[in-house]
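Here's the structure, in structure tokens; my notes come after.
Residue numbering begins at 1 within each chain, and the chains themselves are lettered A, B, C and D in the order written.
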Amino acid sequence: MKKTTLLINCPDKKGIIATVTNFIVAKKGNTIYIEQHVDHELKEFFMRLECEFDQDEEKLALFKDSFNKHVAKDYHMHWEMYNAEKKPKMALFVSKYDHCLYDILGRHASGELKVKIPIIISNHEDLKPIADAFKIPFKYIPVTKTTKIQAETQQLDLLKEYKIDFIILARYMQILSSNFVDQFPHKIINIHHSFLPAFPGAKPYHSAYERGVKIIGATSHYVTSDLDEGPIIEQEVVRVSHVHNVHDFILKGRDLEKIVLSRAIKHHIERKVLVYNNKTVIFS
Amino acid sequence: MKKTTLLINCPDKKGIIATVTNFIVAKKGNTIYIEQHVDHELKEFFMRLECEFDQDEEKLALFKDSFNKHVAKDYHMHWEMYNAEKKPKMALFVSKYDHCLYDILGRHASGELKVKIPIIISNHEDLKPIADAFKIPFKYIPVTKTTKIQAETQQLDLLKEYKIDFIILARYMQILSSNFVDQFPHKIINIHHSFLPAFPGAKPYHSAYERGVKIIGATSHYVTSDLDEGPIIEQEVVRVSHVHNVHDFILKGRDLEKIVLSRAIKHHIERKVLVYNNKTVIFS
Amino acid sequence: MKKTTLLINCPDKKGIIATVTNFIVAKKGNTIYIEQHVDHELKEFFMRLECEFDQDEEKLALFKDSFNKHVAKDYHMHWEMYNAEKKPKMALFVSKYDHCLYDILGRHASGELKVKIPIIISNHEDLKPIADAFKIPFKYIPVTKTTKIQAETQQLDLLKEYKIDFIILARYMQILSSNFVDQFPHKIINIHHSFLPAFPGAKPYHSAYERGVKIIGATSHYVTSDLDEGPIIEQEVVRVSHVHNVHDFILKGRDLEKIVLSRAIKHHIERKVLVYNNKTVIFS
Amino acid sequence: MKKTTLLINCPDKKGIIATVTNFIVAKKGNTIYIEQHVDHELKEFFMRLECEFDQDEEKLALFKDSFNKHVAKDYHMHWEMYNAEKKPKMALFVSKYDHCLYDILGRHASGELKVKIPIIISNHEDLKPIADAFKIPFKYIPVTKTTKIQAETQQLDLLKEYKIDFIILARYMQILSSNFVDQFPHKIINIHHSFLPAFPGAKPYHSAYERGVKIIGATSHYVTSDLDEGPIIEQEVVRVSHVHNVHDFILKGRDLEKIVLSRAIKHHIERKVLVYNNKTVIFS
């Protein structure tokens, strides 16, 4: 039995659930779990469906074809189908901060993240020893204003070579070009060290300190060509007070960044995220 | 179109979703929203389904009959069906603490709680002025060791007279008898002023202070004949430190109690709670 | 024995604590509690000191005079001294939203807020019945663009007449003029229904919904002539998800607003807030 | 200038603050920061004081002597004095779980923990590669029922050899004997994977799942001879729901354990913890 995850969104209309579940029955599949959401304002329907098929890859391809013709077209569906047992391939982009890298590699090593990490890419050499300790290939690709385009070409070649499915910017301190971003739509996850939309841009902990907020946060989001404006996947906060200086904010923030980023990675790996209208539906 | 909420649980089995949704289509109903959960350990299936019918009360009665015969029996379902547009009737039991009462009546007055409150019952007269201010009948039924049985008979008569659907113990400082509780199975909600199962019984804030915990909580649960052991509906916590004494704990706890109890009331009113195995499934 | 609270801030320098505590000893006072903070970046010293004096009002006046001459001048102190046993007088400004009003009056009625509430001022008549139920004078002063100046004059006269110490804007839906604000520096507390600085201005819940944030918040702050830019006293947040619409945000936000505003009121009443550089030091 | 931290507790009495600060002035020291707490119920006074001395070790020893004679005795003080610039030596005890170990070593490597880690001791060999990656000596001391006493002797010898100041049980799955614990009073920190006092003992995540709680927690505490009953240093919680099974609880709990344990370590390192009456005062 092959476990499969179906992610669907389309204009809301009567009968979608019955149509999809009946189609799966007709194709000798078994629906295990449905989760669903309707945005009543936008009149959009969202569904995540886990099902099992007693079929090989070839027949699944036929299923896709048939689903497209007989279901998806009628409802104007945007849909994706994933083999739930296949681990996706994730590339890590880092610079000099090590806390998110330690955290992700630690979770990966202990089996918490069902993903392959074929490569770590960095514009600095500082974190190579960590990659080495965890035995993951580390590619150093320096980036300067003048070499940015070539650097991105190199990066894209590597991502292609390693058949990377999605990218994590684990405190990668470079802004990716629109050209780069467009090749991985909703497949690049960034961690921003503030409670967006408060304090976008650089030095958010300093800005939060200046403003005298009593709570600071971190935000993971899909990268779009609008900096810090992409769909938010997860946020978390922690309380601060006047006794904490900027350095304390940074230390407290690190814990947030690790947790928020790892939660976002898990949501993405488990195909629980649907993006629509620059917002996310996160299935449970 | 009549909006209806269906709550179902039964042993997990293939085809439940398809069977139910197809039955609704056959009866000219329209499934608007499904939420579902499977407890894989207990192999139990849970579903909350919102649907619309273009039918009068009489025909809905026939639907129930037919659903019982053709669906529920086969799957050994435990199920309930509610008219989603009808406000249930809620009785409030209070003693001397006023904060939960103020909170519930305030929320009710501002339209936040879709419920009728035909009556407030108390074993003390202290809170009568609040009931008066909100123009809700207040029945004073004193309770002593020797009069407890008669008092409960009086209470039960009132609940019957006012056709009460469920009861909120808003810091009611009496323990209800098993006889009473059995007449409202999973229809009595209590607020316990600790993070259960820590600090059950009386004076939990004092016990929490003695133990030196750094976080205190409150718990709302359905009342069963085992004191403080009923299915938990909602919990919330707040941070404390060595600077807070028992009185501070009590003040901070009040805010928790209000929020936790009002959330539990809302879940119950919206038919989002399914009880199984002394635990709750809370649909979103 | 008269309990007194001293709030001091001045440029950081050696010996402040010893000087102040010795001065109090010399004046036959007893220091019960010191809390202190140094902003190392701004090199500013902050202290809150509780002490007892076995003296009448007259002699305390002499103490103030003497403290000014012999201590405060040398250290360039900004300082205030409060009779810790005297309840300050608080005015409530409201418009149409009732949840914060219910919450504050409920807390006051149950003895949680050590404050007098001589008057409620509103630009609408809607909430008069609540004021009546709690037996607090309610003054209706309508505000339109053309009558704003007269309205504020009327308000200021009332505040003077009732000897008001500080003002709570409990979802008061009017912007106060700079002239008004300047007469109550750091003595007007507002509740803003967002996690400032995210979503300043009107309709923050709508903006938060549009942006797809996963956490919403509320902020209480002192009112300055810069709208939503005053020193933050307290913030709190709550988690939201794609299942919540704007209306749900508003309902969840109400609970935040009540809690955040009441915490700010308590901090202010207990003289635990020192404002400096548009930020607050909140003593514990 | 030598930075020094003084931790004091004694029966509450007038004049303590003035006496101590004046004594420091007399010894040519400068008080930088005072934090203080009074437990009014137990009538106990607590103080943490940071001060600077322009003196060498020898003269500081004289200071201690003099302080004892002229201050501490009169007030029946329990007091300790630490060189704030000297990194204490911390031993890690682990078994098979790696998440806390990764977390602590990661934080240490990035400079977040001002501590030396001369040794990791384990009753299993599984985590040796992690110790190796971070280049910290790893001592494998197996423990069985019959060898427990010898094993502890071996451990105590190592702790003596490495001049260990305090011990972290980073999910060490053995119970230490009273004999062992008594040699490190309030110097052994454990992380318990539940919100104590709820779910003490083994398998707390399973118990929490069984009970159907809506929030789970983790607790760090000093180890005493009463298992899971020692003074609580820090606690943190996270929300769970019916969709999470025991495995999810465990994964979510791991993040709590890491954060709670690292916060407790920091409090301890910075000498911010005073234990009294089996509870902790945590200075800010």
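The rule we apply is simple: contacts are C-beta pairs under 8 Å (C-beta built on N, C-alpha and C of every residue); 3 or more make two chains touch, one makes a residue touch a chain.
In this text the structure is predicted, and so the values were computed from the model without any measurement.
Using the stated contact rule, I'd like to know whether B-D or B-C comes out ahead in C-beta pair count.
B-D
Can you give the rotation angle that fits subunit C onto its twin subunit D by Cα atoms, in degrees and rounded to the nearest 5?
Resulting rotation angle: about 180 degrees.
Would you mind working out whether subunit A and subunit D touch using mostly the same residue numbers, over half shared, or mostly different ones?
same
From the C-alpha centres, identify the chain that is farthest from subunit D.
In terms of C-alpha centroids, the chain at the greatest distance from subunit D is B.
What whole-Å value do you get for the distance between subunit B and subunit C if each is reduced to the mean of its CA atoms?
That pair's centroid distance is 37 Å.
With chain centres taken as the means of their Cα atoms, state the distance from subunit B to subunit D in Å.
It comes to 42 Å between the two C-alpha centres.
Touching at least two other chains at once: which residues of subunit A meet that condition?
Answer for subunit A, listing residues that touch two or more other chains: 241, 243, 284.
Hey, which residues of subunit C end up touching subunit B in the complex?
It is residues 98-99, 102-103, 106-107, 109-110, 112, 133, 241, 243, 251, 254-255, 259, 262, 284 of subunit C that touch subunit B.
Looking at the complex, which residues from subunit C come into contact with subunit D?
14-15, 17-18, 21-22, 25, 30-36, 38, 239, 284
In the complex of these two chains, what residues of subunit B are touching subunit D?
Contact set of subunit B toward subunit D: 37, 39-41, 195-199, 211-215, 217, 231-237, 241-243, 245, 278-282.
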